[in-house]
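Letters A, B, C, D, E, F, G and H mark the chains as written, and numbering starts fresh at 1 in each.
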Amino acid sequence: MDQTRLTQLLNDVKNGHTEVDDALNQLRHLPFEDLGFAHVDHHRALRQGFPEVIFGQGKTDEQIAAIAEKLLARSSNLLVTRTTASAFERVKAIEPAATYHATCSAIAVRKDETIHGNGLIAIVTAGTSDIPVADEAAVTAELMGNRIERIFDVGVAGIHRVLSKRELLQSAKVVVCVAGMEGALPSVVGGLVNVPVIAVPTSIGYGASFHGLAALLGMLNSCSSNVTVVNIDNGFGAGFVASLINRG
Amino acid sequence: MDQTRLTQLLNDVKNGHTEVDDALNQLRHLPFEDLGFAHVDHHRALRQGFPEVIFGQGKTDEQIAAIAEKLLARSSNLLVTRTTASAFERVKAIEPAATYHATCSAIAVRKDETIHGNGLIAIVTAGTSDIPVADEAAVTAELMGNRIERIFDVGVAGIHRVLSKRELLQSAKVVVCVAGMEGALPSVVGGLVNVPVIAVPTSIGYGASFHGLAALLGMLNSCSSNVTVVNIDNGFGAGFVASLINRG
Amino acid sequence: MDQTRLTQLLNDVKNGHTEVDDALNQLRHLPFEDLGFAHVDHHRALRQGFPEVIFGQGKTDEQIAAIAEKLLARSSNLLVTRTTASAFERVKAIEPAATYHATCSAIAVRKDETIHGNGLIAIVTAGTSDIPVADEAAVTAELMGNRIERIFDVGVAGIHRVLSKRELLQSAKVVVCVAGMEGALPSVVGGLVNVPVIAVPTSIGYGASFHGLAALLGMLNSCSSNVTVVNIDNGFGAGFVASLINRG
Amino acid sequence: MDQTRLTQLLNDVKNGHTEVDDALNQLRHLPFEDLGFAHVDHHRALRQGFPEVIFGQGKTDEQIAAIAEKLLARSSNLLVTRTTASAFERVKAIEPAATYHATCSAIAVRKDETIHGNGLIAIVTAGTSDIPVADEAAVTAELMGNRIERIFDVGVAGIHRVLSKRELLQSAKVVVCVAGMEGALPSVVGGLVNVPVIAVPTSIGYGASFHGLAALLGMLNSCSSNVTVVNIDNGFGAGFVASLINRG
Amino acid sequence: MDQTRLTQLLNDVKNGHTEVDDALNQLRHLPFEDLGFAHVDHHRALRQGFPEVIFGQGKTDEQIAAIAEKLLARSSNLLVTRTTASAFERVKAIEPAATYHATCSAIAVRKDETIHGNGLIAIVTAGTSDIPVADEAAVTAELMGNRIERIFDVGVAGIHRVLSKRELLQSAKVVVCVAGMEGALPSVVGGLVNVPVIAVPTSIGYGASFHGLAALLGMLNSCSSNVTVVNIDNGFGAGFVASLINRG
Amino acid sequence: MDQTRLTQLLNDVKNGHTEVDDALNQLRHLPFEDLGFAHVDHHRALRQGFPEVIFGQGKTDEQIAAIAEKLLARSSNLLVTRTTASAFERVKAIEPAATYHATCSAIAVRKDETIHGNGLIAIVTAGTSDIPVADEAAVTAELMGNRIERIFDVGVAGIHRVLSKRELLQSAKVVVCVAGMEGALPSVVGGLVNVPVIAVPTSIGYGASFHGLAALLGMLNSCSSNVTVVNIDNGFGAGFVASLINRG
Amino acid sequence: MDQTRLTQLLNDVKNGHTEVDDALNQLRHLPFEDLGFAHVDHHRALRQGFPEVIFGQGKTDEQIAAIAEKLLARSSNLLVTRTTASAFERVKAIEPAATYHATCSAIAVRKDETIHGNGLIAIVTAGTSDIPVADEAAVTAELMGNRIERIFDVGVAGIHRVLSKRELLQSAKVVVCVAGMEGALPSVVGGLVNVPVIAVPTSIGYGASFHGLAALLGMLNSCSSNVTVVNIDNGFGAGFVASLINRG
Amino acid sequence: MDQTRLTQLLNDVKNGHTEVDDALNQLRHLPFEDLGFAHVDHHRALRQGFPEVIFGQGKTDEQIAAIAEKLLARSSNLLVTRTTASAFERVKAIEPAATYHATCSAIAVRKDETIHGNGLIAIVTAGTSDIPVADEAAVTAELMGNRIERIFDVGVAGIHRVLSKRELLQSAKVVVCVAGMEGALPSVVGGLVNVPVIAVPTSIGYGASFHGLAALLGMLNSCSSNVTVVNIDNGFGAGFVASLINRG
C-alpha cells in the first residue's frame, strides 16, 4: 500500500465512503514493506554522504555495470568492492569519473567530496602484505567523506616502528588496525591510543595461521579494552564502521 | 630517569659540568619506561572520567580488596568485574559507596557521576539469559559517564519485539547488542540503525553453540556493515568501546 | 499505538478533527509493535493446541514457578524443559495436574488432550542412553496433541532390530530419530520410510564423539534425502517440528 | 530367490515334492535382497510422482547420459543435480523434453506435471548469491509436483524486505530458507510462520564463514523452534523434504 | 513370525488349507525380525567364547546388576566396562566369581577359561598414565580367551625401552598400542612387527593434546602401514578386535 | 659394522689378536644400523609375498621409474600408489608385466601370484564414488596374495542392498569397508559379521563432510565393537592390514 | 644380555669354547635393551646437573613419595611438577631440604646448587595470571643450575612496560616468554632481543581464547623469527629447553 | 630527531641559546623512532653475520629484485625464501654470486662465509617429502655461518634408520627435526640427544593430517622435554633459531 492508496483510504474515511471499522481492518493488514520503504527513505536522509556499495565477488562484469548504472542515477558516490579491472572498464564507460584501486580491486566514484568526518581515521598495517585489505578500508572511508592517514608496515616484531608513529596515532579519532599472522598489532596500538581500534585480521600467513584464524582469535582476545573486531579480510566493514564513529 | 634527573642533566650541560657528548650518550640510553610513564600521566588526563578497572577472575577476595584500596586512593570511580559477593563485602568495608551488581557479579564505585557521553548507549539482548553480559556492559558504560537504555529480550524469533523498539534504538549514538545461540540480533539491529553496533556473543546455548562459537561466527559474518565484534561474554569490552564512541 | 488510539484517529479523520495529511503522518510512524502484537494474537489463533513452553535451563525454581503461574492463567497446556524435581514441586503446588517426566527433566501440564495431529509420530533411538532426549521429544509431541510411538534401542550395529520395526516405522507420518556416537540410525531409517525424518544428534559417547559433534556431522551428511537435523540434544525442537509436520 | 522360485517352492510343498522341514530350511536362508526388492517395488508405489535423481558431481557426461537413458525408460521425471551444460546436451539428445537450469547446474525432465503437494512451498534466500542453492531446491520441488514461490534477497540486514513478504510466507505450508554468511534468516522467518522451516546454509561468504560453517552453526542454534537444518549447499535435500512435508 | 508359525504355514500349504498365493503373500510380509533373530542365534554359535558385555557408563548400580543377572543366566563370561566399585558389590552378590579391575573400573566374570586365541596379544603403553586404558583392553582380551602380555611405559622419548621389548613384540600375533600426548608409539611399534597394530589414543595430556585429539590424529597419520585406530580411550574396542584377529 | 667385520673381530678374539676388553668396547659401540639391517633381512623373510611399495604422491615420473627399477631388481611384486598414467608408461618400459589401475591411479607388478591369505577379504563401498579408494585396497590386497571380493554401492540408505550381501560378507575373514559422507556403513557391516572390519573414511561429500572428517568421526564412534579405522582415503593401508589379518 | 654375559661370550670365543659362527649368531640377536641401558648411563654422565623429574598430575601422594624416595637415592636435585601441598608433606618427611612452590604447585629439592648455565635466563609474563606457568619455568631452570630473572606483568597493551625492561631482556642469553589471551608478547620481545625466545601459551583467558588455543596459534605465527613454542601451560618444558640453550 | 639535531639541542643548552625547560620539553617529545633507529644500528652490530632476508611469498619478481638490490648494497649475505626461478634470474643479474636452491625455492647470496656457530647443526627429516622444508632450514643456517649435517629420510616406522645416526645426532649442538604425517620423529630424536630439538611440522600427508595440523599437535605434545616447535613448513624459522642457539 503506497502513499497514494493510504491518502485515498483516509479521504474515504473523511468522506464517509469507508467506515472506520473497515479502514481499521485495512490498516491492520497494512503491508510492512510500505512502512519499510518509507523508513528506507527516512534513513537515506540520515545517511547523507554514504556511498552506494556493490559487493563485487561472484557478480559478472555485466551485472556490476548494470547495478552501478542504476545506483549512479541516484547517488554521487559509488563503491564496488572485490571486483576486477575488466568490470572497471565497463563502469568507466558509464561514469568517466570512476577510478580503479588495483591494490584492493575496488572501483570508486567520488563526485561528492564533502567531508563528513569530524577527525582523522588512521589506517595501520602490520606488514606490506596486509596493504590490500587496508586500502579497501581507506577507499571506503574516503568515499564516506573522511580524512585518513595510512601508517603501513609497522608490525610488532620491530616495535620502534609503531612507536615512532605514536603521535600520529594519538591524533586520530578512530584507528583501523590490519594484521595477519599473529595479529598482535591491535593490542599494542590499543594501548597507545584512547580511541576505538577496529581490528581487521587478514588471511596473510601460512601453516597454523589457518587462513586468518590465528589473527582473528588473537584480536578477539586482545588485552586492550578498546579493540573490536571485524571478519577476516573485511577492510570494507572496518572502513565503514570507522566512518560512522568519526561522524559521531 | 625521571624529570628531576633529566633537568639536572640539562643543567649540568648548561653549566659545563657535563660534556655534550656525555649527555648525548646518557640520553641515548634514556630508559623507555620514563617516557612511558610520562605518557601514562598524559593519557590519564585524556582519560578523565575513566574508572579504574580490576579484572576479578582468578583473584582472591584479599587481592581484590588490596588493589581496590590502592586504586580508590587516586580515583573516584572503580569497577571490579567477574568477582563475588564476598569480595564486595571487603570492598564495601573500604568504600561504603560501593554497590554490588549481582546479575553480572560486578562491584562498582561511582562517586563521580559526571556525564561524558554525548548521546545515548542502547544495550540490547536477544534473551533473558544474555542479561548478565549486558549488565556488565551497562555498569561499565554508566561508570564511564554515559546515559544508557536497556532493551532486553528482543530476539529475532519474535521480530516484532525488536521492531517495536526501533525508535528507541534509532535515538542511540551507539548500540551494544548481546546475543547467544545463533547470534542473529546484531544483523537485524544493524539494519535498523545508522550508528556503530558492538556485538557481544554470549556462551548461552547448548550443543552446537560450542560455548558461544556459533554466535561469535554469526556476528563476524554479519551482513550489516556497521557491526563489530568483541570476545564471547565480554560485556566489559563492549561497554568500554561504546563509551569511547559516545565521547567521540 | 493501540487499537483504541487508532480508532480514535480514524474517527477524528471522519469528523474532520484531524486532517488527512496529519493522519497520514501519524500512520507513517505507526509503531511496529502494535501491528506485531496484533499478529501475535492472530498467530495464537492459528496455534490452537500449542502448549506454552518454558526453557528451564538457567532459571531458578522461583522464576519457573512464577512464569508457569502466569502462563497457566491463559493456557491449558504447559511444558517446562530442562528443569528439576524441585521446580516441579513448586509448579505442582500451583497446578495439581502437572506431571514430572524424570527421564528428560520436564514438567508437563496437559489439561487439553485434543488430538491435532493427523497421523502417528514415531520416536526412535539408537541406544538406551539416547532415551532422555527422545523422551523430551515425546513429551513435547504429546502436549501438542499427537499420537506417538516409542521405538527405543534399535541402533544399526544390530540392524535386525530396526528392520523388525519397519512396518511400524512405515505407518508413521513423521519420524524423530535420536542417536549419539556415530549417528548412523537416521540414514537407515530414512531409507526405510517415505516421510520426513528429523534427526537429533545426542551428546552420548566419549573421545572423538566430541560431545555430539560426530553424530551431528554424520546426520548432516546423511545419504538419505529425507533427513533434516536439529541441534545436539534438542529433543524439544524435534518434537515441535514433528508436530507441525503431523498437522500439515 | 525371486517370486517364481518361491511359488515353485510352495507348490512343491503343496504337492509333497518338498518336505516342510526342507522348505523351512530354504525359507530361513531366503535372501534378504529379494524381500528387499519387493519392498522397493512396494515403496515405488508409495513414491508415485517422485522423480528419479542422479547426483551429477564426479560423474562424466557419458555416465550421466547412460544412467539418464536407463532411468527415463521407467520414469517420466528425472533430475540431475550438480552437472554441466555439456552433460545436458547429451541428455537432451536422448530426451528432447529435458531442460537445463543454469543457475543451479541441474537438468530436469518433467513430463508428468501432476501436482502432489497440498499447499505452497516458499523458497526464500537472504542474498542473491544464495540463489543457485535455492534454485536447486525449487527445481527439485517442482519436479516432485509442488507449487512453489520464490522470495529472494530478503536478508535480515534490511528487515523490512522479509517483513513485506510476511503474508506470502504465512500462506505457505512449508518454507525452505537459504542463507550464507551469518545464516540468520531462518530464525526470523521461523518466527513469522507456524509451519516447518527447512534451513539451508550456503557456502557464501569469506573469512570466518569457513565455507558455510558459520551459517550452519547459526541455523542449528536457531531460537525459532520450527527450524531444522540440512547440509551446507544442499538445496536438493531441502526441496526433497519440503515436498514430503507438503504431501503430508 | 516365529518358526512354529512358519511350520504351521507350510503345513497348511501342504494340507491345502492355505493357497500358494496366500502363503506367498504372507511370506512376502515375513517380518525381518524373525529372520534377524534366527541370525542372532546363528551368530551366537559362531561367537562361542565371546563374553556378554555391559557398557557401564551412565547406568545406575541397580541397572547394571539387573542386566548382569539376566546375562549371567545364559553366559559364563561377563564384562562390565566403565563401572564402579559399588556396582561391583552388587554384581558380586549375584555371582561370587566376579572380580573387580580397579585400574580400568571393570567388572569381569570368567568362568569359562577356554583359550580361543591362536597366539599372543601384546598390549603396550607409552606411559604409566595410559595403563587404565590398556588394562581395559587386557581384561577384554582375557575374557575372550586370549593369552596376553603387558608391556607398559615404553614411550618413544626413551626409545631403548621399546627396543628392548622387540623380541617379545615380534612374538605376538597382534599388538594393541596405547598412547596419549603425541601418540607416536604405534608408528615405532608398527615398524618393529609384521602383524596388525591396533592403536588406542588416550586422553592423557594437557593443553594442545585437546583431550586425546593430538594422539588420535597422530595415529591416523602413522607412517607404519600396519596401524589401525580406535576411538580415544577405547581400550575395550582394541581388546575386542585384537581377539578377533587372534582367532583368525 | 657389517658381518665381515664382526667375523673378523671374533676371529681376532679367538686368535688373541684382540683382547676381550677391547672387543667388548667395540661391541658396545656396535652401530645400531647394522643390527637394524640384519633385522630388515630377517623381516624380509617373514614378509614373504609382500610387494615393494612406492607412495607416488609428490614424486616425479622420473623418480618413480628410478625407484621402481631398483625395487624390481629384488622383488617380484611392486605397487605404486597415487601415481599417474605417464609414470605408468615409464614403469611399463622397464617391466612389461606392469598394469595400470586407472580408477585408483595405481601401478601394479604381480609376477608372483602365490596366495598367502587364508580366507577371503571382502571390500565394500557405500557409494560408487568411494570405488577409487576401495580399488586401492583391492589392488594392494591382491598384490599381497589374497582372494578378494568387491561389494560396491551398498550404502545404508537402501539397507536391503547390504543385507542381500550378508552371506558373502559372512564368508569373509576380514572386511574392508569404505564410505564417505556420514560413514555409517561400517557400523552396519560390523553388526553383520564376526570378523574385524577395517573402516576407510573417504573425502567424498560436500559441505559439512569437511573433506572426510564427518565420515572419520562417525567410524571412530562406531557402536560396532569390531571396527577399526584408518586415515581418510587410505585404501592402501586398509588393504595392507586386511592382508596381515588374513595371513594370521 | 648384560656385560657379564657378553664378557663370558668373548672369553668363550677366546678359549675356543664357542665357535665364531655361534658367537656371531648370539651377537646378532643381542638385545637392544642392553645397549640401550648402556646409553642411558652414558647419557646420565652428560646430563650432569639435570634434576630428576616427576610429572605429578594423575599420581597419588603415595606414588609421588615412593618415586621421590627412589630418585633421591641417586640424585641431589629433584623436581615434582603439578603436584599438591599434601604430596609435599610426604616428600618433606623423606627429604627435609624439599621446598614447596605454591604458585606453580611444584616440589623442589636442590642440594646441588652448582651453576651450569653460561648466562642469564629471563622469564617474562604478559599478565599476573600467567605467573604460575612462569614460576614452573623458573623453578625448573633454577634446579638445572641457572641464574634467572623474573620480569612479570609486562603485556603489550601497555607497551612501555616491556620497553622499560629492554636492557635487562637484552642481557639474557635466552628468554622464556609466557602469555595467555592473544599471546602477542613473544613477538614484541622477539623483536627486542637477538637470542632465542621460548614462547609458552597459557590457558588464561575466556571465550574465544579456547583454553589457550588463541595464544598458541598467535605464537606459532609470530613474525619474529627467533620464537619457538611449547605446549599450552608447559612451563617445565620451557624452563628445560632454556636451560639446555644456556649451557650451549 | 636525529643525532645531529640532538647534539645541536645540547649545544644550545650549553651555550644558553635554549632554556633548560624548553630543552626538557623538546626531549619529552623526543620521537621514539629515533631512539628506535639507534637501537636498530646497535642491534645490527650484534647481528654480525646475519643475512638480510626477504620473504618472497606474495611479492612479484620485480619487487624481489628491487629489495634485493637495496639490501645487497649494505650486506654481504642475502636470503630470499619462497620465491621462484624467474625471480632468481633477476637477482642473479644484480649479483652474480647468487645461487638458487630449487628444492626449497630459495635464493642465497653468501659472499661472507665466516663461521659463527660453535658446533654442528643436524637437520633431520622423517621422509623424502619433508626435504624442501629441511633444505630451507639448511640454507638459512649455512647463510648464518653454521656447519650443518643433513640426515634425511629416517622416519620412525623404520626405527633403525634414526638409531644408526645416533652418534652423528649426539655430536650436534642443536637439532632441527622436520616431519609431516604424525610428526613423531622429534620425540624419538629428543630422547637420543641432550640438546635442544627444534621441531618443524610439515604439511606433508593427506586426509586427517589436515595440512600439517596432526604433525603440529604431535610435536607440541612431545614427551621429550627438549622439543620446541615452529609453524608448519617454517624451515626458515627453525634454521634461524638453530643458528642463534649454535652461537650461544
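The definition used in the following text is that a residue touches a chain if its C-beta (ideal position, glycine included) is under 8 Å from a C-beta of that chain, and two chains touch if they have at least 3 such contacts.
In this text the structure is predicted, and so the values were computed from the model without any measurement.
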Contact counts by the stated rule: is the higher one at B-D or G-H? B-D
Whole-Å separation of chain centres (CA-atom averages), chain C against chain G: 55
Using Cα averages as centroids, what's the distance between chain F and chain H in whole Å? 39
If you average the CA atoms of chain A and of chain G, how far apart do the two points sit, in angstrom? 50
Which residues of chain G are in contact with two or more other chains? 32, 35, 158-159, 163, 207-209, 213, 216, 220-221, 231-232
Which chain pairs here would you call touching? A-B, A-C, A-D, A-G, A-H, B-C, B-D, B-G, B-H, C-D, C-E, C-F, D-E, D-F, E-F, E-G, E-H, F-G, F-H, G-H
Using the touch rule from the top, collect the residues of chain C that touch chain B in their complex. 31-37, 39-40, 57-58, 201, 203, 211-213, 216, 231-234
Chain F residues within the chain D interface of the complex: 129, 158-161, 163-167, 204, 206-209
So in the complex, which bits of chain C are touching chain A? 3, 6-7, 10-11, 13-14, 16, 20, 23-24, 27-28, 30, 32, 35, 38
Note which residues of chain B are touching chain A in the complex, please. 43, 46-47, 53, 118-119, 173-174, 194-196, 198, 216, 220-221, 225-232, 236-237, 240-241, 244-246, 248
Contacting residues of chain E [partner chain H, same complex]: 126-127, 155-159, 163, 181-184, 187-188, 190-192, 205, 207-210, 213-215, 217-225
